[in-house]
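Chain IDs A, B, C and D follow the sequence of writing; residue 1 opens each chain.
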Amino acid sequence: MLFAILSIFVVAALAPVVHRATGRHSGWVLALLPAALFVYFASFVPTVAAGETVRLAWQWMPGLDVQFSFLIDGLSLMFALLIAGIGVFVVSYAGRYLEGHRDLGRFYVLILSFMGSMLGLVLADNIILMFIFWELTSITSYLLIGFNHEQLKARKAALQGLIVTVGGGLALLAGLVLLGVASGSWELSEILAGEDSLHEHALYLPLVILILLGTFTKSAQFPFHFWLPNAMAAPTPVSAYLHSATMVKAGVYLMARLNPELGGTELWTWTLGLFGAVTMFTGAWMAIQSTEIKKLLAYSTVMALGTLTMLIGIDSPYAAMAGATFLLAHSLYKGALFMLAGSIDHGTGEKEVPNMGGLRRAMPLTAAFSVIAALSLAGLPPLFGFVGKELMLEAALGAPDALGVVLPLLAVASAILVVAVAAIVGLRPFFGARPEYARTPHESPGAMLAGPAVLATLGLIFGIFPALAQPLVVATATSIHGADPEMQLKLWHGINLPLGLSLLSLAAGLVIYRFWDSVRAGIGRVMAPAFRVAPERGYDRFMDGLVWFSAFQTRVLQNGYLRTYVMVTMLTTVALVLATFATLGGLEITVSFADILVHEWVIAALVALAALFVATTNSRLAAVASLGIIGFGVSLIYVFFSAPDLGITQVLVETLTVILLVLVLFRLPGFLKFSNPLTRVRDVIASLVVGVTMTAVLMATLGVQYFPAISEYHIAESEPSAYGRNIVNVILVDFRALDTLGELFVLALAAVGVYAMIKFRAEDRKS
Amino acid sequence: MMAGSLILQTGTRLLLPLLLLFSVFLLLRGHDEPGGGFIAGLVAAMAFALYMFAFDVYKARAILRIDPRNMLGIGLLLATVSGVPALLQGRAYLTSLWWDVEVPLFGELKLSTPLVFDIGVYLVVIGTVLTIVLALAEAEE
Amino acid sequence: MTAEPLLAILVGVLFATATYLMLRRSLVKLVIGLILLSNAANLLIFATSGLTRGAPPLIPEGMLTPEGPVADPLPQALILTAIVISFGVLAFAVVLIHRAYEVVGADDLDEMKDTDT
Amino acid sequence: MRIEVALPVIIPLFFGALALAVWQWRGVQRAVGVLGSAALTASGIWLLVAVWNDGVLAMHMGSWQAPFGIVLAADLLSATMVLLTGVMGLIVALYSLVSMTPDHERFGYHPLLQLLLAGVAGAFLTGDIFNLYVWIEVLLVASFALLILGGERAQMEGAIKYVTLNLISSLILLAAVGLTYGMFGTLNMADLAAKMGEAENTGLVTVVGVLFMVAFAIKAAAFPLFFWLPASYHTPPVAISAIFAALLTKVGVYALIRFFTLMFTEAPEVTQTILLWGSGFTMLVGVLGAAAQFEFRRILAFHSVSQIGYIIMGLALHTPLALAGSLLFIIHHSVVKTNLFLISGISYFARGTHELKDLGGLYRTHPGLSVLFLISALSLAGLPPLSGFLVKLMLVRAGLEIEAYWIVGIALLTGLLTFYSMVKIWAEAFWKADPRGEEAPANGAAWPGRGGLWLLYGPVAALAALAVLMGVAAEPFLQLSIAAGEQMLDVDAYVEAILGADAR
């Protein structure tokens, strides 16, 4: 299993080489990989159909409870087969669709990497492993949407999809970690088999909300659905594969996967039921609003995703069966329809449905497969879509409480619209008058028709012989529901309410198709603001607001004025000090000024006055001179209090500093008066606060000495052990020689820096 | 920069060796009395700076013979390496080692790694101050 | 306790004047503020570890320990190191404002905010 | 006495001094640059292995017993940081061989780099608070000199802010050291750790702790003290920006971690609260700052601020997993951010600009560079299975385990915004068509020859590989960091190792 998934990434990395070696057949060659995988996964079908699950695990990061563990049950197998199976056709289709494109090699890398990620996502048993693959699908999707990266539109759509899905992904990460913390296990199989229900857990509500944020964004649920139609900027194979058949179903997959553990509460049922139904209706409504064929299909995908979410929310045996059936049916017909849409585009250069017509002669095969797939989309017998739709209506009718009324209404309304959509994509391009096309219409090559042919035909076969799909569908439904639904798939359920509703939707849908142009222009517009404009504008506002706010806060904070920075720094220091005192207490000052000699008062006053003079003078020379006075005053203080070495050093250093200042500064102009009185008052207050705080802190520590100083040792050992009688110097060159060593390097570095500053002027050297 | 007066020049010529000798004295007695490599280095550096003010940068460089930047590096090397012999003996870095050396005429001389270290300090301080001062003075011209 | 409270006030004055100077627009005042600030920090260390009058930490010739209590030598060593380090850094800062003045052409920090945003 | 504890300090000091002594010989300088950092890396490996096997190691400088002399001490945190220093130094030294002009080399680029590394390694290894101040000054002055190397106007403007604010930080640090000595009469970290619990006035002790916190938070560029970083990081040549991004703020964060796990642990309700709020604001403000930028290196600089917030978050959460997350985050961020700076340098070689609006078409002309950028950028944004995801997962999990919900929320939001800026660079510089038109030459005039390209791309590829390795082969990194996290919280063992009877 691990090998199977890793092999995809290896092949993906080698794809450009393969492409170069095999030329125009590269699509077929590379499609061998998903084909092999399909066969491999198919070999699990008997086991899974017998009601067993397979779990395989390899160590990865035990420290964080992350491991390569995989779970094969009905649900994951269904997805794996779809991913590999449709992957075969998408890869071979792409080889021809993008033939001659300069980036086809890179395209293979991305699409195969995506395939590996998607397989990993659905097969992973470890929730962190699953999340890892989840994020990988987001990023490969980003790179694929932006495949035509020199177009601004593609880049924008890619960014939008990425921000929405990655944003949701981060919520999902938090939700999954909470799930792990709450359940005490990081393996899906253990969480699902756990005896204690999480329903009563304190973290249930937040973790469900967070996980659903992840799944709703990924699966384009209302109000996050807007990114999906924009993602149609990607090449058609990408749309068919990622944004219809597989990746967007990842959210659905996860909800289905967690349904047995998290489902069954009112929160779960109502949230999924309502959001699913609204999404379903939104998708259907927006679909008939669209004219570009890929957008139409994209919105109908939104509709399908909503349907699946709703079915998971309802959580009955019927709903589980309906979900599993619908999942399979949708992947088959939607994959086919996307590829056929690409085929029309390829053959005619036309993307707008209203400009199409009369293609059935020029593109007979495309037309035939389109009709079959569209019939399945519309849910007409004897196609597999019909089986799904009947079950779906049945399940909606069986929804609990008020949902039992709301959901069927929305379901029928959506069904009506979908019939119209099916007619628009399945009939409109091929029948009626034939307009002028950019290219002379011609049928697509075999590589581009093989996929639609197989997928559409499978929809027909499964419709006629539902027993063929029965084992896998039941196994899937078992995973979703948490128990065997004990139900048979049948094409014919007898005459009942769902059948009646189907007929109703068929008739009403065809009426809408008949008047599509006027519907689009008329009432169709009514709800566009709520369905499309508002959510997308919400995203745009958010992004604009983000850019505006970040520019604003950066202007305010990083405003370029050093004095603001100094002010903030000093006041932050003071504020934190005072806040600490306020919280913990401890500001006890007991000082006495009794034992101070006159000359000490005088010298301190002199230094203080000189400092005040420096701060206020407007003469540079006077400032430097007073600085000298301060320096010598300080050195006198050192000498008074038994520090001769300090005194000497201070005098020498002060002299040098003053010399430097004079050397450097006397060329500069005099001080200018920049600040106004108000600023100065503010600065004086701030400075006073700083000064008073420092004095207070220092005074508070004056009487405090908890332990005898370690220097007693230095005094005692200086001569006996270090052979020196100047204890300060012995500390400097022996006890703490490392400090002095560092100090030397500081000096040397400063000299090197100064030298470079004076002598090395890159700008002069360039010119 | 203007060269100083003749009196200053003559005075400096006499003062320079005296100051240098004094700085060496400060250096050697630092372990026992106020002084030490740093103070000694500053005195020596100021002596050269004085010379520079009295004459000019080029004369000062000439009398130095060695570029102060090299002196900087050599001083650093000396200070850094002074801790290494102890390492070779299997003791901690910068552990002081003492040797009593009999020098003819002078008698007994106390040699130690802290002394080597202090000489390093001395050189670095001279190197630093002169690098800065000479560079600034050259920039002024 | 001897003159520590006096030094505490002096330290406060130096911190306050240094802060005030650093809040000006002039480069030169900025660097003077930094010099005052480093003096303040050194005095703070000196004061906080206790002051002793007339007993430098020196051992008379021929003795193994000083006669009677002496001033704490360790803070003195620390301050000495700090003074030297400050000298190096401030020398750099002084030349830096000199060069900044050369390239910008004004003793005005408000002319120097292109690199921020 | 374990020599490996001191070697990471002695080696770069020696090589730096040597290079300065013979500054006239450019060949020697270049050799020193590479050999010195290679030797530092080797000694870092030695040290880490030794600490892993034998626990906390110490060397008592000058053979003076602790706490009377200065101790160099290495636990897993220190040793890991030292190794990181060596690796980053080596990577940048190699890259510099091509990217630095001969003038930069003549004016001391290589010794400055060595001494920067020495200061950083010293700060990581010292067990003495005043000695820490000294090493911080060493690395600081080295960084000053590197920052102005070249003397362009932007460098000067940036340097003034950098120098001023860092100097203020150093002086606050110095004052805090003095106050600590006044109260406890000692400078040794282990000694302080043992003595701090016995102080009666917790408020006063914590105030001193807060002064340390402010000083280190300025060095770490945490909110609201980060201004110097975005003002200056993008001004020097990229190799210098890269080594700054790798190491400078890390010293501040390291010191925060060291001080607030080992010492000043008496009033967590104050210290950790401040750290937690600070980390939240740091993450958000930094990432929003980046969102407002449209210059390659400025975006990276602002992100450095943001990422520091994550590291402090781990410290504030204060569990073994969170601290482990902080440590790995430091490594991750150094690797990835350095790499992004180096990549911006290559793109500058190709296009002669750092402005996003003038860049473009690199995906077409430089696919290899694009892949390397994408790996680094996605890793920075926390995308699996790269290093950034691993550390994000650790912090998120650590936070949720102790119910620190809002900080996790901010961390995740910051992750999204990081993604946004990285994608912005990708879309503008790589995907967008070259604004100069199709026919414009792929590479600028300064584009180096084949041999030079190896030296530019080699380090970048190595770092990208490291980012992948940290994500994919994460277990050894996890083990190391979790062991380090547990060691950090085991104060008694640390004290015993430094002060204990058998520590001589």
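By definition in this document, a contact is a pair of C-beta atoms (placed from the backbone, for glycine too) under 8 Å apart; a residue touches a chain by one contact, two chains touch by 3 or more.
Note that the structure is a prediction, hence the values are computed from the model and not measured.
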item	value
Innermost chain, where centres are averages of C-alpha coordinates	D
Chain pair, A-D or C-D, that carries the greater number of C-beta contacts	A-D
Subunit C and subunit D: spacing of chain centres that average the CA atoms, whole Å	28
Mean-CA-position distance for subunit D and subunit B (Å)	36
Whole-Å gap separating subunit A and subunit B, where each centre is the average of the chain's CA atoms	62
Residues within subunit D bordering two or more other chains	13, 16-17, 20, 61-62, 111, 130, 134, 137, 141, 144-145, 148, 151-153, 160-161, 164, 168, 172, 175, 179, 181-182, 187, 227, 230-231, 292-293
Junction residues of subunit C - those touching two or more other chains	22, 30, 40, 42, 44, 48-50, 56, 58, 61, 74-75, 78, 80-81, 84-85, 88-89, 91-92, 95-97, 99, 109, 112-117
Subunit B: positions in contact with at least two other chains	32-34, 38, 69, 72-73, 76, 79-80, 83, 93-94, 96, 128, 132, 136
Overall pattern in which the protein chains touch one another (line/ring/star/complete/other)	complete
Contact footprint of subunit A on subunit B as seen in their complex	30-39, 42-43, 46, 49, 68-69, 72-73, 75-76, 79-80, 83, 93-94, 96, 98, 110, 112, 114, 117-118, 120-121, 124-125, 127-129, 131-133, 135-140
Interfacial residue positions of subunit B with respect to subunit D in the complex	69-70, 72-74, 76-77, 79-81, 83-84, 86-87, 90-96
Subunit D partner contacts - residues on subunit C that touch it in the complex	22, 27, 30, 34, 37-38, 40-42, 44-45, 48-50, 74-75, 78, 81-82, 85, 88-89, 92-93, 96-97, 99-100, 103-104, 109, 112-117
Complex contacts: residues of subunit C adjacent to subunit A	1-17, 19-26, 28-30, 32, 35-36, 39-40, 42-44, 46-61, 63-66, 70-81, 83-85, 87-92, 94-99, 101, 107-110, 112-117
Interface residues, subunit A side, partner subunit B - complex	644-645, 648-649, 652-653, 655-656, 659-660, 663-664, 722-726, 729-730, 732-734, 737-738, 740-741, 744-745, 747-748, 750-752, 754-755, 758-759
